[in-house]
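Next come two complexes built around chain A: one with chain B, the other with chain C.
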Partner chain A sequence: MSDKGLLEVQDLCTYFPINKGVLRQKVGEVKAVDHINISIDQGETLGIVGESGCGKSTLGRSILGLIKPTGGHVLFKGEDVTNMDFKKLRSMRQQMQIVFQDPFASLNPRMLVEDIIAEPLRIHESSLSRNKLQSRVEQMLELVGIESDAANRYPHEFSGGQRQRISIARALIMNPEFIFLDEPVSALDVSVRSQVLNLIRNLQKDLGLTYLFISHDLSVVRHISDRVGVMYLGTIVELASKNQLFNNPLHPYTKALMSAIPIANPNIPINRIILEGDIPSPANPPSGCRFHTRCPNVRKDCDKTDMLNRMIEVERDHYVSCLLYK
Partner chain B sequence: MSKLLEVKNLQTCFYSKDKRIVSAINDVNFSIKKGETLGIVGESGCGKSVTALSILQLIQPHSGMITQGEILLNGQDLLKLNEKKMQQIRGNQISMIFQEPMTSLNPSFTIGYQLISPIRLHRRCSRKDAYDYAVSMLHMVGIASPEQRMKEYPHQLSGGMRQRVMIAMALSCEPELLIADEPTTALDVTIQAQILELMKQLQRKLQMSIILITHDMGVVMGMCDNIAIMYAGNVIEFADKYQIFNYPKHPYTKGLLSSIPSLDRDVDVLNTIPGIVPSISNMPSGCKFGPRCQHTLPICKQLQPKSIQVGNDHSVSCWLYEQEGGES
Partner chain C sequence: MKSVENKHSSYYSDVFRKFRRHKIAMFCLGIMTFIIIAVLFIPPLLGLDPSKATLGKSFQEPDGIFILGLDRLGRDNFVRLLYGGRTSLLVGLVSTFISIIIGVPLGLCAGYFRGPFEVIIMRMVDIFMVFPSMILILVFVSIIGPSIWSVTIIIGIMGWPNFARIVYGSVLSVTSKEYVESAHAIGASHFRIIKDYILPNAISPILVTTTYRTASAILEEASLSYLGMGVQPPTASLGNILNDAQSITTLTMRPWFWIPPGLLLMFIVLSINFIGDGLRDALDPKMKV
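And now, the complex of A and B:
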């Protein structure tokens, strides 16, 4: 991995305690993010795919410091975000923004669109005059393709796609370098989804943004990302460039995940690998390789060898965490 | 093969807040043969679910009603039946799986209780027989240790398992037609693959027809024989899946297919359909896709196009093909 990464995630862990009983004693922990190492270069899009509950969103939120990680470091431009004091973290957040999944829940219904978009500016640049504020909001609205009279309306007057554009405008107003996109198109209809995806891509080209893009939809991730990481139960099982991953998936989970996607083309014969069973609970993950309970290629030492943190470089920049490639 | 279900000119209306009547679906026509799978595809709010609910007459009387049309099951018009007769058809000849496996099971009864009641209702058998049958159904849908599960409550099961229970329940009376309303939308892809595979297997085994309602083109292409594309309350195109994929006719179908990012090739900019789906209380006049269409003719704004045959079992509602249809 390159050494001039904009964002460097080292050994990041986020555990949630499970408390039980009258005294709320800690009886265990959910290892939502377990020893993850990734780096994102300037201007790059790293896509993370995985099923629900695998820790994708927790990873992103831990990187932004919205959830305090249990261990490890997040270096943004060489500075450690994880143990920064609140004041410094807050100014750091100008450069790191987030777009949430559900555009119906992430915009305050009682605030005007103008106020929603201007809120970050009010916090970080409180000395700005009202006129300046307005013109910045208008600029942002134009950038995301919404007519400027929208500023004086409320979120409920907009459709899902337009609301997601407003969320993007809010994230962009501080001129951030890094944006964490947490399933930004999953709640949108197909015909609107492609509009928002194109917008996200164009903004990256025009403004030189760096993205961490999370989705459970592999075709969307393929469309938007440069590199892709596949997550399973809190760990990254495979990390490679988009073409390497999609043309030559190595980890049995990645293979199964790809074959499970319904393809919108009846001319292509389907050859599915159907995984048995459900995803194990992250509170009690299987020993050894976490995928071994569902893996079709399981070997006898898979349940004993701890694969955490062991990424094997099979080809250049193509990492996989699986004993088959040892 | 004879037609199992035929829907003709179906129209369902709802009362809006200001006491106006708005139609959610209009002039819907399609048919399904025995053992066949029909996919109904469309975006949210296009009337897919209303169509399904109308077939079973599950529209709440105070919120809306079926105003026009015929629903023929084996030649018998369901709309002419009284409530008691309809009750015998629901869950027995036609049954339904709903989208949210989390909310469509009753949280305060055990899985066993919920499985046994429809069997007892339609089959008139003893409690013991019904229990044994329910266990065998759970076994058939691939649930491990079914006797144990019979005693458990819905919250103790995962999403995929709950959907399996729903399928077991829907199939327990060996229906001729299964209506599946977005059965896998709430599930993860690997679980979705399991459930779809299960539905296919059971379909072969029980020789039933399936109406699969979804917004996911991928799911439809993998599962269905015929596809009906819905937009703003109308079926705008109907054909078999190869026709739809290889030779789509309606501009909306074309737009929909090309706006899906593909897994096997890279595209720089995705095709988009400009604008948004119109709301049902404020429909444009003429063709409802008109304001978003790139090939509008003057007539599109005035009159809504009728469904025209453009090939073998391929019909489309679009003025662009009016001439073509007239010639053939």
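And now, the complex of A and C:
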């Protein structure tokens, strides 16, 4: 992986304790993010796909410091974000932003759109005059394609797509470099989805943004990403450029995912790989390779060899965490 | 250009517009306004004195001058009714205010900061809630001694768990919303998050509880005074007026002794509750009336 990435995630772990009983003793932990290493270059989009509950969102939130990681480091421009004191983290927040999945839950219903968008400025540049503030808000609204009289209305007066644009405007007003997009289009109607996706892509081109884009929708990830990582039970099982991953998936889990993409041509025979069983509990993950309980190509040493942190570079920049490629 | 003041007035004018369309609430607001004006302004304007006794005229029946008659000591029942209403409103509002001052910050801390705050505060709430509050109030009143202020303060202190619990619950639900996380993500301080995100979104249950608590504080005061452990004569309160009307003769022969204070109590309590309902609906921006 390149060593001059904007964002370096090193051995990141986020475990949630499971407390039980009157004294709330810790009886175990959910390993939502388990020893993940990724790096994101300036201006690129790294897509992360995975099933619900595999730790995609936790990964993004841990990177931003919204959830305190249990271990590992996140380096943003070489600075360690994980051990930052609160004050420094707050100013770091100007450069790392988030757009949430549900536009109906991510905007404060009691604030006017103008205040929602202007709030980051009020926090970080409190000396700004009211006029300047207002013109910045108008500028942002124009940038995301919303008429400027929206400023004096409340979020509930807007549709999902418009709200998501407002969220994007709020995330962009401090001119951040990195944006974590947490399934930004999965709550939207299909007809609006592509508009918002294209907006996200055009903004990246115009402003030189770096994205971490999370989705469970493979076609959306394929549309927007430069590189794609596949997550399973808190670990990255495969990481490659978009074309490599979609044309030549290597990990058995990735292959199964790819085979599930519907093809809009009934004449092409579908060769689905049906995975057996349920996703194991992240509180008690399988030993060795996390996927061996459901893997169609499982071998006898798969349950013994610890695959955490072991990414095998099969071809240039195509990493897979699987014994088959050793 | 719109100023900040303008913006706030537009939010509240929106609330006011919605409140005005709530017919029952508006009606009850009318009743409450009438009651408040009556109990506050009629006695001083007419120079009425609740303790002034007309000698030799005890139990006089209503006539043109004394519209509710005179009581056992020859005092004007109507004037005592107005002063009783004053006492009730005063005790209700002040004690609820005390409950809010104690309960809301504690509930906020418990719900927002969690951890040890949550454990200590919410267990205290549980302890307070499992005791029948009327009995505790009686015990404290008998220790401190009954008076209008001791009753107000004790009812106020005993009311805090209601607020703490309701605030805790709504803070918990608001804190888990994504918009609060988005506030953390832009680097907002705890103070800003509580002020702009948590409190405005938790205000409806606080308001509703305020009205319920005011109503039940008024009832608690009336019960205490009725039992002789609340506001002490000669200060009039709806409770001790009803206490005075306990004899069989009064109950059967002189309904003007006890029907007006009972009705006044009922109107006050009901109106406050309905006003609370109207406010709750009006403050919800998603509610389109």
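The working rule: the second predicted complex is superposed on the first by the 321 of 326 C-alpha atoms of A that agree within 3 Å, B and C clash if a C-alpha of one lies under 4 Å from a C-alpha of the other, contacts with A are read in each partner's own complex, and residues count from 1 in each chain.
FYI, a residue touches a chain if its C-beta (ideal position, glycine included) is under 8 Å from a C-beta of that chain, and two chains touch if they have at least 3 such contacts.
Computed from a predicted model, the values in this text were never measured in an experiment.
Student: Let's test your reading of the overlay: on chain A, do chain B and chain C clash or fit side by side?
Tutor: By the criteria stated at the top, chain C and chain B fit after superposition, with no clash.
Student: A:Gln134 in the overlay: touching chain B, chain C, both, or neither? Say first, second, both or neither.
Tutor: After superposition on chain A, A:Gln134 lies in contact with chain C alone.
Student: Would you check which partner chain A:Ile98 touches, where first means chain B only, second means chain C only, and both and neither mean what they say?
Tutor: A:Ile98 contacts chain C only, not chain B.
Student: So in the superposed three-chain picture, is A:Pro269 touching just chain B, just chain C, both, or none of them (first/second/both/neither)?
Tutor: neither
Student: Touch test for A:Gly21: chain B only (first), chain C only (second), both, or neither?
Tutor: Touch status of A:Gly21: no partner.
Student: Looking at the overlay, does A:Asn108 come into contact with chain B only (first), chain C only (second), both, or neither?
Tutor: second
Student: With the two complexes overlaid on chain A, check the angle at chain A between chain B and chain C, Cα centres, nearest 10°.
Tutor: About 80 degrees, rounded to the nearest 10.
Student: After lining up the shared chain so the two structures overlap, which partner does A:Gly78 touch, if you call chain B first and chain C second: first, second, both or neither?
Tutor: Touch status of A:Gly78: no partner.
Student: Between chain B and chain C, what is the shortest CA distance in the superposition, whole Å?
Tutor: It comes out at 9 Å between the closest C-alpha atoms.
Student: On chain A, what residues does chain B touch that chain C touches as well?
Tutor: In chain A, nothing is touched by chain B and also by chain C.
Student: State the interface residues of chain A toward chain B in the complex, per the touch definition above.
Tutor: It comes out as residues 51-52, 159, 161-162, 189-195, 197-198, 201, 216, 218-220, 222-223, 246, 256-268, 270, 272, 274-275, 278-279.
Student: Can you tell me which positions in chain C touch chain A when the two form their complex?
Tutor: Listed in rising order, the residues are 1-4, 7, 10-11, 177-179, 181-189, 192, 196-197, 200-201, 285-286.
Student: Looking at the complex, which residues from chain B come into contact with chain A?
Tutor: Residues in contact with chain A: 43-44, 158, 160-161, 188-194, 196-197, 215-222, 241-242, 245-246, 255-257, 259-264, 266-267, 269-274, 276-277.
Student: Looking at the complex, which residues from chain A come into contact with chain C?
Tutor: 61, 64, 66, 89-94, 97-98, 100-102, 105-112, 114-115, 119-120, 123-124, 130-131, 134, 152, 154, 156, 167, 170, 174
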